[in-house]
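Pasting a structure below so you can have a look.
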Amino acid sequence: MLNRNKLREILMKYQMGMPRNDVGQTVGKFDKDRDPKASTILKSPNEKLVVENIEDTNNVVKAVELIGRRTPIEYFTYNEEDFKYIKPKEHTDYSKLDIFHRAISPILIVGQCFSLLPVLGVGHPNPRHLHFSFKSIPVLITLIFLIASSSLNLATMKYLAKIGVNAKNLVGVVFFTCVQSSTILFFALAPRWPRLIRYWTRTEMIFVRKPYEMPKRHLSSRVRRAAFAIIILSATEHMLYLISAVISQYRKASFCASVNNETYHFTFNDFTYKNYDYVFEVYPNTKFVGGLILVINFFCTFVWNFMDIFIMMVGKGIAYRFEQIKMRINKLLDKIPEAVFMDIRDHYIKLIELLEYVDEDLSGIILLSCANNLYFVCYQLLNIFNKLRWPINYVYFWFSLLFLIGRTAFVFLTAASINDEAKDALNVLRRVPATTWCVEVERLIFQMTTSTVALSGKKFYFLTRRLLFGMAGTIVTYELVLLQFDEPNRSKGLPDLCT
Amino acid sequence: MLNRNKLREILMKYQMGMPRNDVGQTVGKFDKDRDPKASTILKSPNEKLVVENIEDTNNVVKAVELIGRRTPIEYFTYNEEDFKYIKPKEHTDYSKLDIFHRAISPILIVGQCFSLLPVLGVGHPNPRHLHFSFKSIPVLITLIFLIASSSLNLATMKYLAKIGVNAKNLVGVVFFTCVQSSTILFFALAPRWPRLIRYWTRTEMIFVRKPYEMPKRHLSSRVRRAAFAIIILSATEHMLYLISAVISQYRKASFCASVNNETYHFTFNDFTYKNYDYVFEVYPNTKFVGGLILVINFFCTFVWNFMDIFIMMVGKGIAYRFEQIKMRINKLLDKIPEAVFMDIRDHYIKLIELLEYVDEDLSGIILLSCANNLYFVCYQLLNIFNKLRWPINYVYFWFSLLFLIGRTAFVFLTAASINDEAKDALNVLRRVPATTWCVEVERLIFQMTTSTVALSGKKFYFLTRRLLFGMAGTIVTYELVLLQFDEPNRSKGLPDLCT
Amino acid sequence: MLNRNKLREILMKYQMGMPRNDVGQTVGKFDKDRDPKASTILKSPNEKLVVENIEDTNNVVKAVELIGRRTPIEYFTYNEEDFKYIKPKEHTDYSKLDIFHRAISPILIVGQCFSLLPVLGVGHPNPRHLHFSFKSIPVLITLIFLIASSSLNLATMKYLAKIGVNAKNLVGVVFFTCVQSSTILFFALAPRWPRLIRYWTRTEMIFVRKPYEMPKRHLSSRVRRAAFAIIILSATEHMLYLISAVISQYRKASFCASVNNETYHFTFNDFTYKNYDYVFEVYPNTKFVGGLILVINFFCTFVWNFMDIFIMMVGKGIAYRFEQIKMRINKLLDKIPEAVFMDIRDHYIKLIELLEYVDEDLSGIILLSCANNLYFVCYQLLNIFNKLRWPINYVYFWFSLLFLIGRTAFVFLTAASINDEAKDALNVLRRVPATTWCVEVERLIFQMTTSTVALSGKKFYFLTRRLLFGMAGTIVTYELVLLQFDEPNRSKGLPDLCT
Amino acid sequence: MLNRNKLREILMKYQMGMPRNDVGQTVGKFDKDRDPKASTILKSPNEKLVVENIEDTNNVVKAVELIGRRTPIEYFTYNEEDFKYIKPKEHTDYSKLDIFHRAISPILIVGQCFSLLPVLGVGHPNPRHLHFSFKSIPVLITLIFLIASSSLNLATMKYLAKIGVNAKNLVGVVFFTCVQSSTILFFALAPRWPRLIRYWTRTEMIFVRKPYEMPKRHLSSRVRRAAFAIIILSATEHMLYLISAVISQYRKASFCASVNNETYHFTFNDFTYKNYDYVFEVYPNTKFVGGLILVINFFCTFVWNFMDIFIMMVGKGIAYRFEQIKMRINKLLDKIPEAVFMDIRDHYIKLIELLEYVDEDLSGIILLSCANNLYFVCYQLLNIFNKLRWPINYVYFWFSLLFLIGRTAFVFLTAASINDEAKDALNVLRRVPATTWCVEVERLIFQMTTSTVALSGKKFYFLTRRLLFGMAGTIVTYELVLLQFDEPNRSKGLPDLCT
């Protein structure tokens, strides 16, 4: 006789032989391929490794209290205390592990120089040294930058209010507002960052050892190369902007001087004044102020690019782990016992939970970044048919446009790669033969099929490849309507040079 | 030997020990965690609680006959009679329970002062005192308001027919028509309301006791705070409208008087006449009529806002219950026997049925509210680039615009929160470990995955976060086209002040 | 010991007791609730009933050969021969059954008077008397109508080629082309119709007896009432069109005559000539030709409406059966053995197959009807802001517009009701308690969840409620762009009356 | 007692009797209907057949190294080495098999004459003779064509830069750029082609013998007929273009000559000069250059069409195999043991993997083709309302437009037919009766339901029927906006003939 209670009993017993697979306990056993004998031998050294990085300093709790809210995900996420049961003697050497915290630290340090994500301990290998404090230099930098950029933004707004707003001269205010919002969002993220990164590291611990293997190119090199490529390109773009501004200014001045039979001396003051006249209506026209404006502008450009860099890094960081799961499934395909699938499904869910946690904290930035990119791509495309005066203007315009489109597409595709990798794993699972088919595989497949694994903009939309296609269609529609709108301006041609 | 018949037999026997889980009988046993022994002890006191609120007065049947139709959901919903088996001695004290009927009663009472949902007994704690009667004061208020607003609407239409319709001056008629349709929809809802709210209360009885727990903030406080916030903001908006109208009228009159070297006395009659001249072409220009117009206008504004308030309250009311289910699952995650999952699945389905019932009765109002909000957001956005004469006009315009967008987004997101909560529960369920995995969990997960749990506009669309994103894109497209349309008007500038 | 082979064996044995559920054999046993004992008793009388209507005359095969293609669905649909095993003695009295063929016959007869669906035997109760023949009066009517309408269409085209095409005067050609395409599509459907309707009737035989019950309003009355309502409204619309044309013609003529101090006699010739001048450029201006034009025009209007009527009838016919399945499931919910679910799932699949068959043959008509409705709704909406000269013109315009929108929405919603009913059944199934849960229910739920049960336009889109919502959004976008386009024409105002 | 381990043991034993179903081993056993006894007898002859075509020459590896990347699909696809275990004595006669490689070879040979897909051995029946070499005549043709078309493209660009770009004169540059990109994409595909086609042939080997049957029309005839039809139509279109150009040129010249009382001799030089004046601004105006331009133009037109032909062929090639699976399932429906379903599921997955492999390599071409078709359809639709001077211009324009739309729709629908066939198989599976229902069927159904089986444009979108519907809607929107844009040009009318 076999009734349901019986079945459950049997299953229980069967599971007793194996370590139980509930969330609180699995942490220490990812390093073995679920061979029950091996596990007893390897248990102690591995557990140490994981347990160590959990003892949290108190400021995390403080930070959370500071913000006054707990993300919804914490309702059903195991508490930090669950891991504190034993204080291990030896410490993990995080500097040798290929974890996200380590991979992004140089980029974050650069970012902090530009006032972003003011957290202390970013450069330290061990994530438990991360903490947020209001009384710190990064916070100071952030505040100074916010004040400085506000003064520029307000000057621009005042100027606009005077000459009247239209769709085209609005771009400056939009730029500064985006940059400031971005800074504030990163500032708001800072107190939550240590907790997030520790959670992330804990989840990653599963993937840094056997049975998981490293894909050919390491996470660090992937993330850093991409980030530095964007930084260099954005710096180039800013340089071109300055060169274009200087040259067209100089050409114009010398041309007009020669028309009026005057001699002309190109000075720094002249340059800044002509380019930022609206600022100097509010502030005194001195070399110091002029220099300051250039510096702030440079900072703003960096911040404007950093949003995208940040999202791209997070995207790569999570997609990398899904790739590892895919590789593991693929390797074991024919010979997997159900217990291993429990493990894999458990890790898969942990990754999804990490993704949700990250999404919770980042989707403000994602929303801003998408809106920002959409606006600027539309704006720049609108200028394609405009006539420009000097060749260097064309060089700058086309470099800027292509950089913008390229950056947008790259960030989008990187974020979408999370979705791609998660789906790819599904394709592998479909090939599980009937002999190793089991309930756990079925659950895993069902889950992969039905949930959208992707970063989102406040859950309004998910960053997938199909969305990018939809957005491209929308941009074309907008562009066609806007071009028609802008027709009268375009047909006017260039204004007279020396008036 | 184990064949299918056998298996069924065994399962039957197994289920015999537990109370059967069919729809008609479960009502009395939600308060225990399905422990068969505990149930027998707790049975009587609990059953009383539930059973009491079902004895329905006869007017429900009358009301249904009145309307002459039964909602489709009633085909497969258990009859009221099923619950009437025993008349309990003690009565439930509803005033102590955190139920929807109680939560919204103050808002509904305010609404009734403004002619909406003319049902009797709204303020009484016990939902069985709710009933609808044609011979009642609320109905009288509704009828008077309908007549009054009709006369205003007709006057506006007559005026339009005289001067010719265009997209911009249509707005008044659209406003009055929306308000009147809304009043009529609420009036049509009134006879169905008692039955609906009793059904709702019966379903809620499951969630007001153990094992379900209260989320931190109670339903009542959630609903009421949000509703009063909207009411206060809408009142502010209306005040600003009046202030703006008075000031610009006064400024204009005194300016023109000073131009013509006259002295000017600002009177109430002057004000109403200038603002509602189209009405006074039909009605006599007396102080009484002027006052009446202002009062009706105020009523209309309230009704116009109340649609959104109502939808928001319903959204919060249902989402709250889904949140409770989520919390319960989360708490029990590791140790749930299948029987408890049967319970939870049963409750989940009951909630969905409630949602369908509510949707059936409300989707007319939802459709109207969405169309209304869409129209007015488009209309107001179109005016962004218009020049206004006095600063107070700008203050009013921007407050009004932001209030409108904010209200629309808030209502939409609140309604969408039903969908969010229902999906969140799914995320929790995904973490059920292999040991407690059972057919009931599988069914529950499958059901959650595949059905769209949300309020709808007559099933044409579902109020989810993704729809809001789609609508935003659509609004931008419309706006771009409309702006182009409106270009000639905009470039004309302000007309002369004193002509 | 229980291995897979064993399990299969047991299942086989278990199934042996019950009649096997394969497609070829189930036909004769839908009328019992799968009680094995009852089945043996009821077998013979029921089988007769079903078998009788299958003996097909040979012309079906001929007709299929005629068209030279077999619909893809026939690959996997049981052959007609499967049913021919026994020739029953008694005949079924179809005139007493509430089947689709009977329900639509009066409408089809009316349609045939207007040249549509030229099949013989439409009015006969028994569908096996249906056959198509080229040498028949309906075919003759169709050909005459095609020739007559072509001559009108060509005259219109010639006129357009002379005066130049634009978006507005194209409407006549579009109208005639739609009408002619519709006639041709119905003509192409005719040879396939007998086979289709016989297949349909066979499938319906399942639902005309126990355990299925009739919903309150019979299929016949539902279909006929709706169809006649549309026919009457469309006749009214056509009458209004004539009245409007006559009156405005008369008013204009008498006004101009009075201006020129002439007396005016309004003649039939004058009227037709002024209204159809482009036709008289080709044909002689006689009373006979004038009358003919009016008659052809009337026919065209009918054909133009009949497409929608036809789709609506098919929609109601299939939705009705899904409703019956829903009712059956609902009634049995708590006490259904798996065998009954096999039956229900079988019937559900048969209905879906019927739907696919119908969709295969009808989706050309559906595509045309949708395109046609979309075009005319857009066209008429564009005229909303136009000024008209006489009040009767307004009456006609608004009646025509509202009729058009109403008809479109009604047809769409009726077609979408198939989808609604199929989904509703799903909601009922979700409430199957754990005790009666079985593999067949699971399969049925999975199937209902994942397949889109709806009529389609060549599988490009499915007629569901959500599509209607999407189309409404698209129409608004088109309308906004088109209005802008049409602006110059609109602002011109009415031309001079007597020139 | 039955615990999980036991169950697995039993299953193992059960499976032992049957050959194991893992990917590496199944290759040799597709030809039997999984009867274990039959398999031992048929084993050797069949294995030879399959194994033979796998021994690959070394240049494949070289080719892959050449490109420096391995497609992601290769991660989880069995290695070529797996098949090399035995070198069979007899060779397969590929020339008798109805495989894709054979079906497309004549089309590819024609394509190679026009510089596309420069692979050697395309005409050889055995796919292992396919190889790519830089030092080959096809590569030489490709390079020459690239240089020649570049020179034309650059001349066009230079001319445009002189006279100023607008939306209409851009079309030439877009055309040449598309053609060149296409050539480059095919050139990039060439080194990967041998490997792809060998993989394809291996997969196809499953379907060329029992139990799979041939659909009525063979793959070869299907593919070739469709391809040659497009080629002939495109040649006709090009001829019409030339005729139209010559005639309108001649008419104009003779008319103007008669106006000026001159006599006119129409020469080849005159013709080429007038039609390609922008080229002759760069190159000398000789008969040789003129002829060359005409030849290059002809090549470009062919390449422009070939993209679509190629996608169409691939679509037909894969859809054909899905159709075979559908036919097999249908035939066996009532009597399938689980083992056969394992087989079918295995083949289904193999086809999907083939599709993914193909999609990986082709989606660049698909993306380009879709963008290209979308652009040209929009461009040509825009010219519908333009006035043309000579009747031959109308003939050419309408032929060209209809050909373009027809080709686009045909290619799209053919590609979408993969999706249609894959879904159709699902409909068949839904009818599997309860007796033959098993886990493998369930997996197969689940998989078919949840995965989108279709060619894609870099996974941004999938080529399905519904997409075509969406695209049609988008084109209409674009067209409406563009028409409005183009209004001023259109109303200008034709320019004076002789100026």
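By written order: A, B, C and D. Residues from 1 in each chain.
The working rule: contacts are C-beta pairs under 8 Å (C-beta built on N, C-alpha and C of every residue); 3 or more make two chains touch, one makes a residue touch a chain.
No experiment lies behind these values; they were computed from the predicted model shown.
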Angle of the C-alpha superposing rotation, chain C to chain D, to the nearest 5 degrees: 90
Centre-to-centre distance between chain D and chain A (centres being mean Cα positions), rounded to whole Å: 38
Mean-CA-position distance for chain C and chain A (Å): 53
Multi-partner residues of chain D (at least 2 other chains): 2, 11, 338, 446, 450, 477, 481, 484
Arrangement of touching chains [line / ring / star / complete / other]: ring
Touch list for chain A against partner chain B, complex: 1-5, 11-12, 15, 20-23, 72, 75-76, 165-166, 338, 342, 349, 352, 356, 439-440, 443, 446-447, 450-451, 457-461, 474, 477-478, 481-482, 484-485
Of all residues in chain C, those that touch chain B in their complex: 2, 10-11, 13-14, 326-327, 330, 333-334, 338, 385, 420, 424, 427-428, 430-431, 433-435, 437, 445-446, 449-450, 465-466, 468-469, 473, 476-477, 480-481, 483-484, 487
